[in-house]
Every structure is written in C-alpha cells, then in structure tokens.
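In this document, chain identifiers A, B, C and D correspond to the written order of the chains, with residue numbering beginning at 1 in each.
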Amino acid sequence: MHSLTNLSLKTIVKKQVKWKIKLYISSLSSLIILQSIFGFLFFSSGSGSSGYGQQNLDLNFTIYSLDMHLFLSVFWAFISAIIFTTRAYRMDDLSVISSRTSSTIANTVIIMIYSLIAVFIMASTFYLQLLAISFLKNEPFIIDNLIFSPTLFMMCFSIICLFGAIGLLFGNCFKGPVFIKSLTSFFVMFAVFILIISPDSINLKGLIMLPNFMMSVCYLSVAAISFSLAIWIANKSEVSRT
Amino acid sequence: MTAITALLFIPFILILVIFIILRKLSKNTKKFWTPKRIIIVIAGYITLGFLAFLYFAFFYESKLTVLANSEIKQLESELKSLQRYDQEYNSSYLTKDYIKNTWEFKFEGDSLPVSIQERGNGLNFDIRLRYNDDIEKGKAVISYYQFPVIIDGLNMADQIPLPIVYMTQEQLFIEPPLENKVSYNRIKASLGIVDFNREVDLEPSISLFHYSSVLLIDVARNTELEDLQGRVTYIR
Amino acid sequence: MNIIKCEELAKNYANHNALHNLTCAIESEKIIGIIGRNGAGKSTFLNILAGYIKPTSGSCSVFNKNPFNNIFTAANTILIDDRLSFSDYLTLEEILTMGADFYPNWQGELAYRLLDYVGLPLTSKHQQLSKGQMATFNLIYGLVSRCALTILDEPMNGMDEAIRTDFYRAILKEYIAFPRTFLIASHHLAEMESILEEILLIDDGSVLAHAPVEDFKQQLIVLNGPSDVLATLLADKVIYAQKDMAGMTLAVVEASSLVISEDLLRTNGITKSPLTSSDVCMYLTRKKGRDIDAFFD
Amino acid sequence: MYVNLDSATPIYIQIAEWLQHEIVADRLQTDEKVYSQYQLAELFNINPATAGKGLTILFEEQLLYKKRGLGMFVTIDAKERILTKRRNETLTKMAQEIVIEAKRLLVSDEELLILIRQTQEGLK
C-alpha cells in the first residue's frame, strides 16, 4: 500500500490562498469600477461642506474627504465576501484538496489581503478624483492633510475588513446547519425590527469618540470574532449543491 | 429617520445594481480580462493614484496654506494681547502691519459728524477715535486695521471685505461692507463622519478677536466728533 | 486492510431518507463497482465518503478517520462527478497546473498525453466543453491525481462508446501502475464489469450485496424446465422472476437455495444457466410483485 | 485476443483455459515464466484479481509453480497433465453429452459409432 498523503491544514490553506487570490481578483476590479462610477457621479460635490458667516464674509468650504470612498469600499467588502460564499465559488473549492474549514480560512486571508489592497485603491481614487477636479474645474485646493496617516490607514483597513468578515459570516450562516440558519434569520429580523422601532437605541457615538487607533482595535477584534465564527460554522457545514 | 434610510439605501441599491451588471458583463469579458491583466490594471490604477498624490505633494501650489497648530497658538496669544491693550484704551497695538486701507478726508470747522449705517449683519468692526498731534486741523485720517481671523485653521484676514467710508456734505459716513462670498475646496484625507463628531466636543474652530478689525479715526486735537449713535470709543 | 468502514449509516433529508442502515467494509486497492438504481442512495453514500455530507446517524470511517470535513481524507480522496467545476478564469492547462500544485502524486505528463489523445485543446475553458468532453476531462483529472481513494460517480456520462472503452482501459492501466481504491458508480455495469474486482449493490439506501464479481454473478441462476417439475422443486424458494410458456417455466432463483445435484436436474429435463451481472442486479433490485408488464395488462 | 464477457464461462476460467491452451500449443515451455496477473490483466483488459484467480487454478492443478519473488513458472509435466485431464474429463464429458443427445434423437449406438468414424475420416 502506498503511503498516504499527509498535508497539514496550513499547507492546504497556503495553496488555496495562492490560487484564490488570483482567481477572485475580479472582485477588486469591480471595486475600481464602482469607485470610478461613484467618483464620476459625485464629481464635484465633495464629501461635505461647512460654511461660516462672520465679518460679512460668507465662507464656504467644500471638503474632499474619504467618507464616500470608505462607504463604497465597505459595501463592496460586504457584498464581495457574500459572493465568495456562493455556490459557484464553493463548488470550485471541491475540485482541489480542501475542506470547508480550509476554504473559509483561505477566504478569510483573501478578504484581509483584498481589504488592504482596497485601501490603496480607495486612496488612488481619492487622489485621482482630486486631480481630475483640479484640471477640469480649475478650482484651487487648500491642502489640509494630503497624506494618509498610519492610524487612518489602519482604521480604513479595519472597517473594510470588519464588513468583509460580517459578509463572510453572513454568507456562511446560510450554508450552515439548520439551527444556525434559523438563528441567523431570527437575529437579522430582530435587528431590522429594532432599527425600525427605535433607531436611536443603536448609538455608536461612544465608539466614534475613541481615538482612531482604539477604534481600529475595536473593529479588528469584532472582525476576528466574525471570522472565527464563520470558520466554526464552516467546520460544521455540509456541502450543499443546490 | 427617512433621510438616513434614503442616504443609506439608495447608494446601497445602486451598488447592488452595479454589481449585478458587472457580474453579467464579466461573463463576456472573461476571455480578455484574465487575472494577469486585471492585476496589471489594478497595479496601474494604484500607481496612477500615487502619481496624483506626488503631484499634489510636490507640484501643487496652494494659494492658502493651512496654519500649523503652533502658528495658530501664537496668533491666538497675539490676539489676546491685542484685546488687552484695547481694553486699556492703549492704541499701541495698532501697528502699521495690520493696516489694510486708509482714507483721508478734509472737513471744515472743528466738528466732524459721523453717521454709522448698520445694514444686515450690522457692523463687524469697532470704531476708535484717536487724537493725533501729527494731523493738521480739518483733516481726518481713517485707517482700517485687520487682525488675523482664523477659520478652520486658515487665516482669512485678507478675505474680510473693507467697510465703505465716504464723506459727503461735511459728514463722515461709515457703512458695513457688502458681503464677500468666498468658497474653497479643501483636501482632507480623513474621515469626516468621525472627525466632525469629535469636533463637536472640542473648542470651536474659529478663533478671533472680539472684533477682529478696527476702524481708527485719527483727527487733530480739539476736533469734536459728533457721534450721535455713541459707537465711537476714544483711545489714547 | 479496510480503508472504508461504514456501520448503520443513515442520511435523512427533510422529505426522504437517502440512506438507512448501510453497513459495509471496503478493502484497499480494489476496483469496486457501486451499482444501484436511480435514487438508491449511491451518490449520497459517495458524498459521505468524500466528506461532503454528514451522516444523520451511524459511523463512517475512511482511512480510519471520520471523513467529514477532514483535511487528511480530503488529501487522499478525490470525488469525480459531473458537478466538478473549476473557475472560469482557468484554461485546461492552468487547471492541470493547479492540480499538480495540490496533489502530491500528480501525473502531469500523463494528463497532457491523455488530453492530446482525446483531442482536447489545452487552451479551452472547462465551462465551454461539451458534456462528453467535460466528463472526459474530469475523469482524466481524477486519474492523474492518483488519490488513494478515487471515487468516480458516473464518470462516463455523455462520453461516446469509443472513448468509454478507451477509458475503462485507462482506469485499469492506471490501477496497475499505481494500485489504489477505485469506487466507480455507473449504470453501465456490463461494459465495466471486466475491470471490476467487486460489486457493491446498493438498493433503497442500504447494501443489498457486496461480493467479488464472479460470486455476485453466480448468486442467481436461471432454471428452465417443465412447469410441473419446477413448481414442486421451487415450492418454498424465493423466485425472483418467473415466466411460463407452453408448459415450460423459466425461473430466476438464488443459487445457494438450490441444493440439488446437477445429475438430478439433468434427468428431470431442467437446464441451469448463469445470468449476466446486469441481469443479477436487475432481478435483485426489482421490487417484489412489480413488473412493468403488469401496467399494460 | 479478448475474453468473451457474455460467455457463460467465468472470466477466470477462460483465462485458465487460455493459458492451458498456450502450454499445449508449446507457446509456453516448461520452466518458462508465465504472464503475471498484471500482464494478463492488461492483455485481456480484466481486473488483476480475476487474472490472479485464473493463475491460482493452474497453480492448484500443479501446472504452475511459484518462485518466490520471481513469479509463476510452468511445471515439467504441465502439458502432459493437461492432455491427460482433457482426455479424462473433457472428452469423457463430451462423449456423455453426445450419447445423451443421440438417445434423444433416437440414433442407435451403431449409427453413432459410424458417425464418429466418418467425422474422424473427414478431419484427416
């Protein structure tokens, strides 16, 4: 009898990541398209404005900040992560050595790497949009801060990562065992109910007041919990081919 | 609530629609858009973005520069001392550096009636009277002093419009300026949602002197200013 | 050595029970045909072995481990069926490169030669292949991966006859070159019978028979003789099928239940003849009292 | 050179018969190594285990002997044994069948003997 192949989970995950990172790349191109379209739609409005009426001076600032770009990236991460858990992608995993666990761990790594790239894409869109405005509209800019501060970078990364993790968890929940499926549906309905009944009960102001670094840590820990839950659920799920 | 819902859901639906269209399209474009080509495009996009960044960092000349915190602090302390001098009726803070405009008028007799018109927002500057020995009789030198005005880290002193000062029928008229509309584009590589919320609790971003500008009327001693409105304060 | 051991395996779905009380043991390095009618539970059984689904009750071990979601069994098992899919960004050549990256025993050269032989261009995409071509490619993928447990679920669906013959031979040659356990589920028992060592017959979610091919075949025999003689002879025996015609009777019975010497049969004018294995399967799995003729009367 | 799958004779017996035939035809000489079960499997496109069964039959009839690690070889008196066995079993059985069939067809014993003789003449 030939000796049996003994590959560690780590090796398999590494190989899966190596191939998936190439095969899932189209999701990043959709982020670029998404950001370009929105950059074009909201070409001139900026992300915010503030006005001052003092000393007979009517001062109006149009502020170009990263809010819209981050907003898009976050939605993108959520949807992409859900797409990664759809049938077509899961079926492809079955044709190589894999388990649901290894595939989900690989997806986790992919989401983290893509989130990192997404921050760079986000920054690129930001600068390119400014460039386009400065050439086409010929309006002068005041540069408050041009450079992504490391804490800001980390915060963008952690928020995108968090929503990717939630998407992955969400997608996996609906592929998992029945009780997890029903639990998730219940939770989602409950959350929507709460949101409709009293939207003020969800108050994140306390979180926003934290310094950037602490916020990133918070986001990343929630992301880590979501990722772990997703992997745990994957470990329990069967391959459903419908 | 409805506004927030609309704000959140309209882009969400739009993104979804774009996603669906993209996925439909991707079926046809997969032949050309191989992973390798997509990677090249993404790398190119990020490089372009970086080049744009370099352009702004090194070649873009901004007309206004944002003041550093230390500069703001310095200006604020300067303004505070100005205010103190002003309260002590000491005119020594009115240095030539702050003069933005001067008017010279001639009049007959020993008295000069002043009429101050307040329109709209009212007067945005203080009016001070100083007896100056260097000035000959029958002449008034009016100087407009503009002190720094810091709004959101910018010194907006230059943008504050000049008051309208004129003399007809031996009477000095002072009118507030027409409103100056200025708008700027500002690049802030930060998150507004987060920052705005934090700034609510921080000190206001506008720091200015009680009135950041002073209109000084210099007249010769023994000249009487007929100020019926009582808006003019004497200063030594 | 048994590489697969299943005891009292059951799998219930919401509206039907795919498997119940399936018990079997499969030795390593054998080519085993998994036979059964449509909906008998073959695919469910194979999916459990591949670790894709979890049995509702009972135990299943592959390589002495529970296969469900187990990376060790996944590394040594490959399940080839018509639902095998690959990312549509990959050409066949890239799929082979990917396979080589994952499976340690991968035979890249062989894969290229086989693809060349069947005339599949390396640059084509998996999704764009015709049904038969896709089945051929999947089978090649399964063969060259050389997994200790190679499960082929209807591997020849859609292939033309010439390629089917070629690939039964390819399976045999690969088996000789690198002995491993093949589980082949197929409806074409007659064509693959010769390369099989054992047959595992699944019916209604449990194992009906598990025996070497010849033994399997010899389970049932056909007796042909005068009706009255046979009637007394088979009075208390289970008859799988019976046909009366002009005083002569054809009856399919279990060989083991027949303890009469050949001479006695001969003198009574009864002839004994064997059945093909497909016929054996058909008779074993046919529901008692169910005959298609009955519906036309 | 393929086995007949549809034949009533099991494949491994067909293999055994084929090997015996080769020995009788002197294509397999005394002390010559016979095909391994894998070679047979490839040759006839059958499962090696089935081929192995065919070899085992010959081994049990002492037509082949094993050399450890080298394979199976033809015994000295293999051909002789086959011929004797065929004479004893196969031919006797065939004769039996002929006699029974003749009885059914109401052919008398003399007529049968004449028929056999005629057949022999015809084949010469």
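Keep in mind that, in the parts below, a contact is a pair of C-beta atoms (placed from the backbone, for glycine too) under 8 Å apart; a residue touches a chain by one contact, two chains touch by 3 or more.
What you see is a predicted model; the values in this text were computed from it and never measured.
Asks: Please flag the chain sitting at the greatest distance from chain D, going by CA centroids.
Replies: Farthest chain from chain D, going by C-alpha centroids: B.
Asks: Comparing the two chain pairs, does B-C have more C-beta contacts than A-B, or is it the other way round?
Replies: Ranking A-B and B-C by C-beta contacts puts A-B first.
Asks: Which integer distance in Å separates the CA centroid of chain B from that of chain D?
Replies: The answer is 113 Å.
Asks: Please work out the Cα centroid separation of chain A and chain B, and write it as a whole number of Å.
Replies: Distance between chain centres: 39 Å.
Asks: With centres defined as the mean C-alpha position, give me the chain B-chain C separation in Å.
Replies: Between these chains, centre-to-centre, one finds 85 Å.
Asks: Averaging only over C-alpha atoms, locate the centres of chain A and chain D and give their separation in whole Å.
Replies: Centre-to-centre distance between chain A and chain D: 75 Å.
Asks: Which residues does chain C have that touch at least 2 chains other than itself?
Replies: 89
Asks: Two or more other chains touching the same residue: where does that happen in chain B?
Replies: Answer for chain B, listing residues that touch two or more other chains: 35.
Asks: Residues of chain A that touch two or more other chains: which are they?
Replies: Within chain A, residues 22-23, 26 contact more than one other chain.
Asks: If you look only at chain B, which of its residues touch chain A in the complex?
Replies: 1, 4, 11-12, 15-16, 18-19, 22, 26, 33, 35, 38-39, 41-42, 45-46, 48-50, 52-53, 55-57, 60, 62-66, 120-121, 124-125, 149, 151-154, 156, 159-161, 176-198, 201, 206, 208, 212-213
Asks: Touching residues of chain A toward chain C in the complex: what are they?
Replies: 1-2, 4-9, 12, 15, 18-19, 22-23, 26, 88, 91-92, 94-102, 235-236, 238-239, 241
Asks: Over in the complex, which chain A residues touch chain B? Could you list them?
Replies: Listed in rising order, the residues of chain A that touch chain B are 22-23, 25-26, 28-30, 32-34, 37-38, 46-48, 50, 52-67, 70-72, 75-76, 79, 117, 120-121, 123-128, 130-131, 133-134, 139-149, 152, 155-156, 199, 205, 208-209, 212, 215.
Asks: Which of the residues in chain D come into contact with chain C in the complex?
Replies: Residue positions touching the partner: 3, 5-6, 8, 10-12, 38, 41-42, 44-50, 53.
Asks: Considering the complex alone, what residue numbers of chain C touch chain A?
Replies: On the chain C side, the touching residues are 1, 28-29, 47, 51-54, 63, 69-72, 74-76, 79, 83-87, 89-90, 98-99, 101-105, 141, 147-148, 178-180.
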